[in-house]
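Per-chain residue numbering starts at 1, and chain names A, B, C and D are given in the order in which the chains are listed.
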């Protein structure tokens, strides 16, 4: 088929294809999504390797900083790190290590990167999870009300607030809150050293430390969700099935709850998941400001070095998290939207 | 029983001096002006009119469903109670229980994420105080009963709207409308988006149900024949006013108002010699040549097959072994239901779609495959699309739209002259007046003329017109069809007109080809095929044409 | 070959008159959005001030060896917004910082939008494996944690404004690509594209005459939002310490403030102005962008 | 300008707290924690390891100093060696054999006695196990043999005389615990409880959060006066300072001038401005070369001329950096041994000191033939290469970033164009060791014994032919200096050694391979409402934290009356308030919604 006809195309529209998977749809869909996620993951892995090997500087020097080291020790260290091997060999070792869950050893902490990452994952999940949940609740609630009463005072105030919060660098908001609440809330960290070890006290302690970081992260994220929810509900506002619902004699809030919101929720929910990367960006900034011992802070700490294995590990984990969220978004969309779920 | 209210003598709906205005940016646009209307219980009334005449606004005002920008004056009395004066709670109680609505596009009027059952049960649970949600069996029973009434299996209750066909969706809408046993149903263009055959079925169903349940019906349509087949009376609306109201038969036979006449003429009766080669037009048509020269057909297909690969690897054959000819100076109508493969055939003829096997021959030469060859070919065969509004780039002026073809083909010599000629050939005169206009400043008919002019600017030999009048108002329809006839005489243009409308074929075509599931089931002269159909499918197509009371028998006697 | 010049001129005049009218129409629509007007006004003012900084202020006052003022002083008659860690007027610093922030914001946005539009249109127009590849690529970049990617890029490349621009641009183009692709798909699904093809149009004609004119306005509106995002991204990167220290942007000023203990000191005059600058500029861009989107994307009209 | 404190807010919130039971419940744990006295110390540096053989970071070795014992200690008064585990010591005539008497009242935290055997085990482990040598291997490099003839005697034989034998910063570990391990970097040794013998015992460790120690009541020197010692991690100084202000921690160091100033108004906080052990310097690449004299790197050739380096020294004004960058919390720099070590510190006389004088610097450069080009930048005589220098510095290090701007502007005025090159720490090190710089910021923390810092500027400290193994700071190579170095090393008479050391500093100053810009003050602050004044080292101008010893922590004494410890109650109140407000707001919203939707169209 060398002579391509001008303008001749298969009418296969990818968007439309979403709507009508046929045959053994569910399995096929799932496999397709997983496949593309795995492909993305593979690309991330390769990029992670290349990117962090382009960084100038001898890792061995970073590792031995501040210590008198003999040339023999340096050579031995090089061999242990594998930085003296050819690139392809390093790549093979890297892949092999990944498969075994070995992400190398941190230059700065002198500990396995995988351990560091697992240790820091919990706090980040706690922060990001709490903030996202809060943001979803607030964002959707305000978004729905703003759209439903478009151009009302409520809409203007809440949309205006959201826009302003959205326009703020999160780290700056963090700094401001830090100054404003100095003394009322702790200025950083995740728990006090002298909190009694019982579960109740520890939980309260962590919750107390969580307030400011969570507030900061929530502020920007909720604003985003609000704007998305508002505009997708506005898009549904003129839908004919709403007229049908009204004609049936439904109360206004029922029209909204039963008909408008479930439809408007679809794009919003997808966006909530797809915007997860943005939340993680926020987490890096917020964790840095509040010294929240999570992955974001680890990334920041690894920057001053730079601690390449840690940076690379954090990069992989964060990217994998976003990919996972994308898969979840697709699955959830399928659950929520019967049009996609078609058998 | 014509002018009297229903059998029990009660007035179901009365509109008194009803006016509706929409607040626009600067001024108010009147949509309905001082309409008076009465409808007795069990009566059926058709409301006819072209788009923008205010008929939908009128219907929506009955249940106060107009957008906030609407200002309503006058009274709407539903069972003697003024809807405008109702408290909010009372209005909600009246909605659906007293009057329900069958909306225009069932596809959009059903909530896409809720099951059919939920949507039908919703008003039942809402309005019948004895049907509480804790009595699901009763509700379920009622829903199944309703589905049964609209001839849908009970299993469809668990379906989502997208899993239903267009006709099924419209049936669900009807079932939903009947859910609370209303005394009035307002049906707003209930069959417009449907296929001819399905349309006939739905109309029949509605007529039956309305009669059985003694329901008052207001049906809105632009198609007089649809109304005539369902309603006792027809009211014609024009520019916000009711210009004529008469029993259906009378209105179809002898319309009084000029606008009613135009509407009536738009849907010719097949077999009526008066409308053969005579679409409704204000300019008289020249005599059509009775004998067509026979010779090498301009455009011919041989065993043409086109298929698509659907998702999941399945192959769908849209065109299956089609042999079709369009002769010199001939108009051929290709008729069939939607999904029969007509449009795919048209696209293949233009080289916009690759054929799987078979050939397309233009004056005996196969369709070229090279880029430049195809471009040259397209100077000869041109396309006119269904919806002129979307067929014109909203950013391009008329001049740019018409000059687009010549520019692509490098015909820069005397561009203005070429554009002027094309516009005038498409009866946009004087051409200068239109050149700088943007599409949105033109009426639907004018836009379609611009599209035709754009094709004519290349001076083609054949025009492939895909449903050229389907989206146009009835009064414009005739004008465009007349234009095609005139072009044939003046420019010797051949045409392949793709349509679902058999009346259109009767209006202008020399020959007709009936397409069914990718195959041509019957080809012949218009008279032969339409008046003496051989194939089962052609017969069902003809039977589905809503002929109302005025439908002529396909009798041999008409062929004098 | 060529038509007479009069005629050409006539046709051109028609076209130009049309365009002028269309622009006027867009402006009228835009002017109806109060938020958009405020945003535009703010932007014009800020850009003017930034451009005029060398005229209105004395650049030598930014030199550390020339200042005699005490470091980290609260606002006073001499320094209306106090002084920074070197004793330089914060007002002056923020004023000059606007130049850097805006420059980076605009350049990064342009880069990102350029890549995004090209990829989006090509992917949508050509379909097939090219589209699949491009969109896979886009999806891939979409899932990358942009901040970490930008951090990594700025660690790899030599420090400077160019690096920051590149890092932000490379990390942020996929959203534009998705937008351009969606819009192109919408446009290409329109029957007038079918008509143009039936008239014999090739790829260049379809893209040049139909797709680009329809996609660009949207992309333009989107660009303003990208600029807003870029400015925030730049400030965050600078704050994390990968900015260019020799020409402090707003983010760089904040980083300097943070590092020199402004939070403990409660030096609000040092922390507030650069942040407020960012918020105002970003808000202006966002308001403008939303208003423009509403005007240029008919689907959104009457929504916001 | 005082910043907003929480007191007003606390009062307001306290009222709210009455309505929430949450506060009552949550206040309970805070009350319990008050029974014992805990000294909470803020650390802003990561703990890399608790394992004393692997711990390198200042923070970790600081923890080690309170948990472990050492052979000898430095006195708090003047940092002279004083008895530690060893109560007495003598050296052979050739200076190669040292015999220590080990105290017999030292006990491990698990109750077992600490003997000379443990000390010998520790030293030998480092000598023979490469991993164990990670942190402190350099101390035992010249050791020939370490034996414990009996439990109170330790004998160390060295191959060469070692001046630092009384300054072995090696934590002594229990043989009965460590000898059972299969490897030295066993992760168990990073997990408390760890057996040690110091005044405190590590009981709990949460990475990046805190290290907890409890007082060793049986310590041979006497039990500490506090019950607990917590090292609490903070990621930045700001967080630590605000923790100090709110009473979360009691002791903070490494304050920035702004923070130090900000704390001055706080009545509950007492500040300690200590003479520091650190100096900052501006290196001028004098022509980097290997040990064999083979040139490496790409330093600007103009800097090889002493006259150029001296002219630069005159063109910059370190006093301005002290005043403006360090806000006066530093001393004017002169040589590589800080004044805190007054015996060794050399201070130039008024005549000797380079005076900041642009005119003179310009004249000297003119006279040396470095004429200005059309662009105002000077050119080298002969090859005409412009004097355009790169200035290498640590990215993110405030001193480097701030001072760089001054250097650029000062040198600009004498016709030298300087471009900043602020890079990551590893690149600073790498470029530094490779000689790939023209000007560079550097800095050192100096030990009480001057040998190490002086040795950095020898020819022999330069790297080998492969460009490796160098410890040189400045690539300085001067025969006269090297001769002086050898002399001081062999000199047994302390006052004579001091003279030589001072001469070496003078030589460095005159040859100007670097300009020592300043000696940073160590800025510390503590809660004086909770603790009495701490023991500083050296007295009276020394530091509390980061001592060469543990005097500060060991001798910490709670203030009479004692401050309230535990969590700031305001915090719990705030949480309660947030919950109450959220619940109330939510409830209100729900109710309002229920009403309003009913009658809306």
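What we mean here is this: a residue touches a chain if its C-beta (ideal position, glycine included) is under 8 Å from a C-beta of that chain, and two chains touch if they have at least 3 such contacts.
Please read all numbers here as calculations on a predicted model, not as lab measurements.
Enquirer: Identify the chains adjacent to both subunit B and subunit D in the sense defined at the top.
Expert: Correct list: A, C.
Enquirer: Could you let me know which interface, A-C or C-D, is made of more C-beta pairs in contact?
Expert: By number of C-beta pairs in contact, A-C is the larger.
Enquirer: Closest chain to the protein CA centroid?
Expert: Central chain: A.
Enquirer: So the centre of each chain is just the mean of its C-alpha atoms; given that, what is the distance between subunit C and subunit D in Å?
Expert: 44
Enquirer: For subunit A versus subunit C, what separation do you get between their C-alpha means, in angstrom?
Expert: 23
Enquirer: Could you give the separation in Å between the centres of subunit A and subunit B, each centre being the mean of its C-alpha atoms?
Expert: 49
Enquirer: Any chance you could list the residues of subunit B touching two or more other chains?
Expert: Subunit B, residues with two or more chain partners: 352, 371, 374-375.
Enquirer: Among the residues of subunit D, which ones contact at least 2 other chains?
Expert: 3-4, 236, 238, 242, 395-396, 424, 601
Enquirer: Can you list the subunit A residues in contact with two or more other chains?
Expert: As it turns out, subunit A has residues touching two or more other chains at 6-7, 10, 12, 56, 178-179, 182, 251, 288, 303-304, 306.
Enquirer: Subunit A touches which residues of subunit B in the complex?
Expert: Residues 60, 63, 65, 91-97, 100-101, 103-105, 108-115, 122-123, 126-127, 160, 162-163, 176, 308-314, 351-354, 369-371, 374-375 of subunit B touch subunit A in their complex.
Enquirer: Of all residues in subunit C, which touch subunit A in the complex?
Expert: My answer: residues 127, 131, 135-136, 139-140, 142-149, 151-153, 155-156, 185, 189, 197, 201-203, 228, 232, 235-236, 239-242, 251, 254, 258, 263, 266, 268, 271-272, 275, 278-279, 282-283, 286-287, 299-300, 303-304.
Enquirer: In the complex, go through subunit A and note every residue touching subunit D.
Expert: Going by the criterion above, the answer is residues 56-59, 61-62, 65-68, 70-71, 74, 108-110, 119, 178-196, 198, 200-201, 204-205, 207-208, 211, 251-253, 288, 290-291, 293, 297, 301, 303-306.
Enquirer: Quick check on the complex: what are the subunit A residues that touch subunit C?
Expert: Interface residues on subunit A, with respect to subunit C: 6-7, 9-10, 12-15, 36, 39-40, 43-44, 47, 51-52, 54-56, 150, 163-164, 166-172, 175-176, 178-179, 182, 231, 234-235, 237, 274, 277-278, 280-281, 284-285, 288, 299-300, 303-304, 306, 311, 314-315, 318-319, 322-323, 326.
Enquirer: Could you please specify the touching residues of subunit C with respect to subunit D in the complex?
Expert: 63-66, 71-72, 74, 85-87, 155, 159, 241, 245-246, 256, 258-268
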